[in-house]
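Here the structure comes first, spelled out in structure tokens, and everything after it is commentary.
Chain IDs A, B and C follow the sequence of writing; residue 1 opens each chain.
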Amino acid sequence: MSDLFEMVGVKPELAEQQVPEKENRWYDTIPWLSVIILILIVGGCLFCNRIMTKDPSYMDLKNYTIAPCKEFLFGTDTMGRDIFSMIWYGGRQSLFIGIAATVISTGIAIIFGTVSGMAPEWLDMLLMRATEILLSIPNLLTVIFLQAILGKANVFSLSFVIGITSWMSIAKIIRTEVRQLRNNEYVIAARCMGGGFFYILYKHLAPNFLSSIMFMVVMNIRSAIVEESTLSFIGIGLPLEVISWGSMLSLSEKALLTGAWWIILIPGVFLVVTLLCITSIGDCIRKKLNKQESNL
Amino acid sequence: MENNSLLDVQHLSHMFHLKRKMTVKAIDDVSFQIKKGEIYGLVGESGSGKSTVARCIMNIYKPSEGEIFYKGIPICKNKEFRKNRKMLQMTRQMIFQDSASSLNPRMKIEDIVAEPLRIYSGKGRPGKKEIEKQLELVGLDRSYMEKYPCELSGGQRQRVAIARALSTKPELIVADEPIASLDVSIQAQMVNLFRKLQKEQGFSFLFIAHDLSMVEFLCDRTGVMYHGKLVEEGRTKDIFAHPEHEYTKALLAAVPIPDPRIERQKGEVL
Amino acid sequence: MLYYGKKLVIFMISVGLLSLVTFYVSRLAPGDPLFSYYGERVEKMSPEEREWAEEKLGLNDKISVQYSRWINQVFHGNFGRSYKYKMDVLDVLKSRLGNTLLLGGTGFLIIFAGALLLGVICAWKEGGWLDKIICKAGTIISCVPEFWLALVLILVFSVSLRWLPSSGAYAVGQEKNISDRILHMILPLTVIVTEHLWYYGYMVRNKMLDEIRADYVLLAKAKGIKKSRIMLVHCMRNIMPSYLSIMAISVTHIMGGTYVAETVFSYPGIGTLAYESARYKDYNLLMIISLMSGIIIIACNMAAQILNERIDPRMRISRQSEMQEVDNYE
């Protein structure tokens, strides 16, 4: 019986020629270099007390604008502060704003997207139109405007402002997902059983749409960090006394005059490397997601 | 109103708005009653409005006209519904056609079965014993508790859906084509299961199907729907013995009879 | 005709709402508008003088009264005077608008053409080394914050090499000198273009790849049509409508990017003006700038919508079928 089958089936010698596909283990797809660098940077910022060689906010008026040397590893800025210490200390603020703003915007996006997705047709239309209009306003303009209203910025107000201006694109994705999910009978069943809005959101909707917004959420951290630094640089974000990567760069105009490249380059390189690591992790998440979908 | 009727549907109509000026009447002036402890079958071709009736009864749709009385409460009135919400949600349960989409793929079986009780009590998950008992009732052993819906077959999933519906000791179960997506052999199992459970628990049962042979076997009374209207209603035996409406006759003629000789004769008649 | 009429009405309403919101919000924000008019002198003013000054600028009325007065003036073509520059806001705007249009417009055109070019090249050589290099470079550049790129460019090209000027739109007294203007535009333009180019280029690449996978391409190939013709004529025609509508929306984003570049390079454009006016509570100036930006944003959105709905026949059909799907469910 088996002989017969083999005669009409695939010839064994042909089958052997097929190269077995290299099996990708889960850790092969992770961009290890980015993860390690990111862990180093985040760890350095978290435990900055151990690393810092100087007090980051102490202004050493004798040693201002000193190029990197043995005592000041990354040099000092125009106000005589030690850049090496400031990098780690300021990184805390930048990373915190990135994460806090993302938490805020994701929270808003989840609520808004779910409401819009579950809402009747006309309300959904209205909410989505509003989102599109908000989406088309350059982010920076709204932030400047809000910041002007809130007055002097601190870490929390800046996270808040960045958070409430960057939830729109995530909300749109969630809304599309919810529109599909809500047709599933388990959502209808849960409603029949008397599950409230938040119960259904938490139990049935969120677990099913979280994977599709993960990429956007990671990218949101990135854009929040960029926005913080841009705002601080322009002078409407964090003031000079509050050390962050952005506010360190706001000294660069003076640095340009004196040609002090380290004041501009060193915080910027840290910023860019962090952003690159976050991006490659985000890309990895997206690739995984696409794979899952194509397998289905 | 009769005292022993649990559900009383009166002149129910429902319209769907397609575009600005186009509306479709999905159900048109449908009335019937379900008594306590009765199995009522609703048959008709797809698109005849059976599911819409079921969804109106479960308050998923709000009917355009007519009224539904459950235990004498007009449940389509928002005020009355809100007043009795908890009781209504607990004593009515629904079983859906597609077991794949009626169970959340990311929840374990034990969580799915526990869900109604959890919502009802507002507390955490009920005891494992309770869930085990529910699963046993529908013929699943405890090894299924830790599994996810995608690991189960269609029949097993439908059993889970039944266990979920039964967990609150409901008085009315609405089953929207619960066997339509299953194999024929499993269908028979399910119908037997329904019958057994109904005898044990004594709930009223609205059974929606397009398969007449199962309805004949299971239901005490039957209504036939055609283009949104209830064209015939009565005891199942009477309907199957003496169909009055043309559509019922046609439906009955389409039922395969497990006897080749009669089946062949029937072919010649039509 | 009715369609465009409807759009026009929506447009007018949006602009009206926008002006109302900006007016109220800017009035409620903290800050002293007198400061921008009188500068340091404000602090030495007596209460009576203050009152008189506020009276003169019409600031002590209710906000609603101020708004209706403003609207009334606008319909007479009078947008008021800038507190800071002490001249008609239109004149202030006029002196700056040209610069921004020149910078943003050129940037937009380069991005528009460049993204298309890059996207098509990448799709053409999909998976090849050129594609890989461009994709990697694009990802890295997209991680560089705009202002930092600008700083580095200034550091390299004007501070170290002294090739290019680092600020302004033209050297003093060289207003009419075209080559001098171009020289001043190179750095800001580089920043604007590099920041946005890959975002749209990647979009074109993915859309192109989707098209190449479609069955009609296989048919065309089977017919023996050349690859270049399939891609540039057949596929291009299909991606053009969505690309155009994306680019219509992108106008506002590139505008936002222009503002940052203007600030870093102290380029006298609308961006720096907007920032100044918000900071110094120069209300009349702020109103006209936000109104103008708003009109551009709304107009671009509408253009994108119209492009989406009217030009691409596929969109019309898919919209219809989408509606039908919804109906079927309900």
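We adopt the following convention: a residue touches a chain if its C-beta (ideal position, glycine included) is under 8 Å from a C-beta of that chain, and two chains touch if they have at least 3 such contacts.
Remember, predicted model here, so these are calculated numbers, not experimental data.
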Legend entry - Greatest separation from chain A - chain, by CA centre: B
Inset, instruction - Would you indicate which pair of chains has the most C-beta pairs in contact? - result: A-C
Inset, instruction - Could you say which chain's mean Cα position falls nearest to the mean Cα position of the entire protein shown? - result: A
Inset, instruction - Using mean C-alpha positions as chain centres, tell me how far chain A is from chain C in Å, no decimals. - result: 24
Inset, instruction - Please report how many Å separate the Cα centroid of chain A from that of chain B, as a whole number. - result: 48
Legend entry - Cα-centroid distance, chain B relative to chain C, in whole angstrom: 57
Legend entry - Residues on chain C engaged by chain A in the complex (per definition of touch): 14, 25, 28-31, 139-140, 142-148, 151-152, 154-155, 159-160, 166, 249, 252-253, 255-256, 259-260, 263, 274-275, 278-279, 293, 297-298, 300-301, 326, 329
Legend entry - Complex contacts: residues of chain A adjacent to chain B: 184-186, 188-195, 199, 203-204, 207-208
Legend entry - chain C-touching residues of chain A, taken from the complex the two chains share: 121, 132-133, 136-141, 144-145, 148-149, 151, 183, 222, 226, 229-230, 233-234, 249, 252, 256, 259, 261, 264-265, 268, 271-272, 275-276, 279-280, 283
Legend entry - For the chain B and chain A complex, residues of the former touching the latter: 58-60, 85-86, 89-90, 92-94, 96-98, 101-107, 115-116, 119-120, 164
